[in-house]
Amino acid sequence: MTQRFPNADEGRLERGKRALAEIDGRAGQNVIDALADIAPEFANYLFEFPFGDIYSRSGLDLRAREIATIAALAALGNATPQLKVHIEAGLNVGLSREEVVEILMQMAVYAGFPAALNGLFAAKEVFAQRAG
Amino acid sequence: MTQRFPNADEGRLERGKRALAEIDGRAGQNVIDALADIAPEFANYLFEFPFGDIYSRSGLDLRAREIATIAALAALGNATPQLKVHIEAGLNVGLSREEVVEILMQMAVYAGFPAALNGLFAAKEVFAQRAG
Amino acid sequence: MTQRFPNADEGRLERGKRALAEIDGRAGQNVIDALADIAPEFANYLFEFPFGDIYSRSGLDLRAREIATIAALAALGNATPQLKVHIEAGLNVGLSREEVVEILMQMAVYAGFPAALNGLFAAKEVFAQRAG
Amino acid sequence: MTQRFPNADEGRLERGKRALAEIDGRAGQNVIDALADIAPEFANYLFEFPFGDIYSRSGLDLRAREIATIAALAALGNATPQLKVHIEAGLNVGLSREEVVEILMQMAVYAGFPAALNGLFAAKEVFAQRAG
Amino acid sequence: MTQRFPNADEGRLERGKRALAEIDGRAGQNVIDALADIAPEFANYLFEFPFGDIYSRSGLDLRAREIATIAALAALGNATPQLKVHIEAGLNVGLSREEVVEILMQMAVYAGFPAALNGLFAAKEVFAQRAG
Amino acid sequence: MTQRFPNADEGRLERGKRALAEIDGRAGQNVIDALADIAPEFANYLFEFPFGDIYSRSGLDLRAREIATIAALAALGNATPQLKVHIEAGLNVGLSREEVVEILMQMAVYAGFPAALNGLFAAKEVFAQRAG
């Protein structure tokens, strides 16, 4: 499998750092910063496995990956901070606000109306913050 | 919002039936058939809301909708029969097997390795059945 | 199936609006209002399917429907705002406070003590607000 | 709180055994039997807390308690054997088949269509077995 | 099974009260206090079954029991207040902060990175409060 | 952080393979084998992150790690095959059958009686298979 962020001299950690910065921007970095005094090594795992390994794979484009992540986090319904980061990330990699709203409305079918509503209200906050 | 399956003379029920047939094919019809002697009116709701309303909306293409559904069902991990129907549906609307596998692997990040593994094994069964 | 809110000239949307107003009162309307600038069409779906279709069915009385909803939302444990709306709704359609508390305590058996505790604390807030 | 199954000389264990027998019948006893060689003391906890304590409380009638349990187990979606036992129990304490179906259909709103479908198919099996 | 907190003259309620005080300390008592005006009898159930029955069993030491509880609550991800109480409890019965962090990081494997992150941030708050 | 399985010349993949073999034995290898024709690269991720990274960390012993995993998987209740692998693994790294049963019974408190029952029945199957 070729990598989306290929660089022969680059390890998983560096590739993951670049991918996280590109995808999640400031919101991702805030998570990393918050880990510094509780579990700094977990920040490395977060760079390495989700971003250095998974998001860097070339078999699915980043727009599709964020659709999958937004859907999963809205359906699970117990990770609102991460859902907001990925709504932000979805917009960063090319999803329109309308598309984000469609994904969240669709979750009413698979995880119930409360999950969809709570996802939509999370999106509302993210959209409001970006509008500022 | 314009409809993906527009037809001025067509109601939600008919539009949903057409959408379900196009997206889920035989697997969707099997679900409808199984409802006949327990909750036949629920079959109508299933045509109308998920398919007549949501999947028929034009704001997100069917490929993206199936990415969202496969991700959500794999993450929730308690609806294997429906996950299989939607892996099938994803292939019907243009996802490659490789893309389905990528979506499922990505769920390891958001819902854990067991959810990803069980999703991959569901895909394995669907792929095997279609190969025959 | 006859409808709980029958009216030959009334469609699902109108029936759902009447049912939501009767069941959830002001709390339901607040949810609809909050959707206006993010997903106004989702407000229609919320009127139509849950209230115009499901709650309007005559096969189960509203008291029984609210018992089911309070139990499900407390067990899932990831939709506190909706749980509060339905504790309110349960009181509106005839459940006593004691009965609401009994339902929530019972969830300790099926979803664990934390789910029951968090449900009871949600009820405590709703009861306090109505007492004022 | 007075007890539904009062008997001054009876402890929680005995009260729970009577309540389980009355509510779940043979299906409940099968669970107890299956625990004998793995965790016999857990059978006592099952008699004592859910049945000797909770179901024996007088603040909510058994019909309402089974509505709550069927709703919660269908919404959680990861305890099909227990859902079947309580669909059986619901019929034992006075719910009609139609009412059971209504409760399960309603779960589409709160936990998604797959949860409702899987609940309905569990009911279908229970109804078929009782018909025999 | 012998009891961890044996005392021939002591019933489940008293044993549970002693166990809760020893394990959860002030945080456990706060939960009991908060139940006083909504469901005082549920406080007794909380003393009796989890603490008087389960935690008082001698087959698994309290350190192991708190490992199990912290892992389960972090994985479920919908009971943050209870997770904090049990991170506190884990430290009370001999887990080091490093061990608590290891348990929470491990949940990334079984329940996903968001569950692990939210568990780590809960631990960060508990650690900060105890440091004061 | 020193590693539980240190070897200067060894990478994450090799360390993970050794850890998986030691902890999960044949059951772990079966999972890897089943991935070969659907997602062979996911087998590498499974060696690398859970086993090469997390289980190889020295901050928590393997007995404690398996307590955490058994508790989490029983509480989540939607990954029975993985729960069985880790009940097996727990026995491999020093947990007694009695301790496994205690962990599973305790989950009744945090995830409800059905989760505990289904965990106990999974353990019953594992114990029976090893007895042969």
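Order of writing sets the labels: A, B, C, D, E and F. Residues in every chain begin at 1.
FYI, contacts are C-beta pairs under 8 Å (C-beta built on N, C-alpha and C of every residue); 3 or more make two chains touch, one makes a residue touch a chain.
Fair warning: this is a prediction, and the values are worked out from it, not measured in the lab.
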| item | value |
| --- | --- |
| Shortest walk length in steps over touching chains, subunit C through to subunit F | 1 |
| Distance between the centres, which are taken as Cα means, of subunit F and subunit E, whole angstrom | 23 |
| Between subunit F and subunit B, distance of the C-alpha-averaged centres to the nearest whole Å | 32 |
| Contacts with two or more other chains, residues of subunit E listed in rising order | 41, 45, 49-50, 54, 73, 75-79, 82, 101, 105, 107-115 |
| Arrangement of touching chains [line / ring / star / complete / other] | complete |
| Partner subunit E, residues of subunit D touching it in the complex | 1, 41, 45, 48-49, 53-54 |
| Touching residues on subunit D, where the partner in the complex is subunit A | 75, 108-115 |
| Subunit F contact footprint on subunit E (complex, rising order) | 49-50, 54-55, 57, 59-60, 64-65, 67-76, 79, 82, 98-99, 101-103, 105-111 |
| Subunit B-touching residues of subunit D, taken from the complex the two chains share | 76-78, 101, 104-105, 108, 112-118, 120-121, 123-124, 127 |
| Residue ranges of subunit A touching subunit E (in the complex, touch as defined) | 31, 34-35, 37-39, 41-42, 45-46, 50, 73, 76-79, 81-82 |
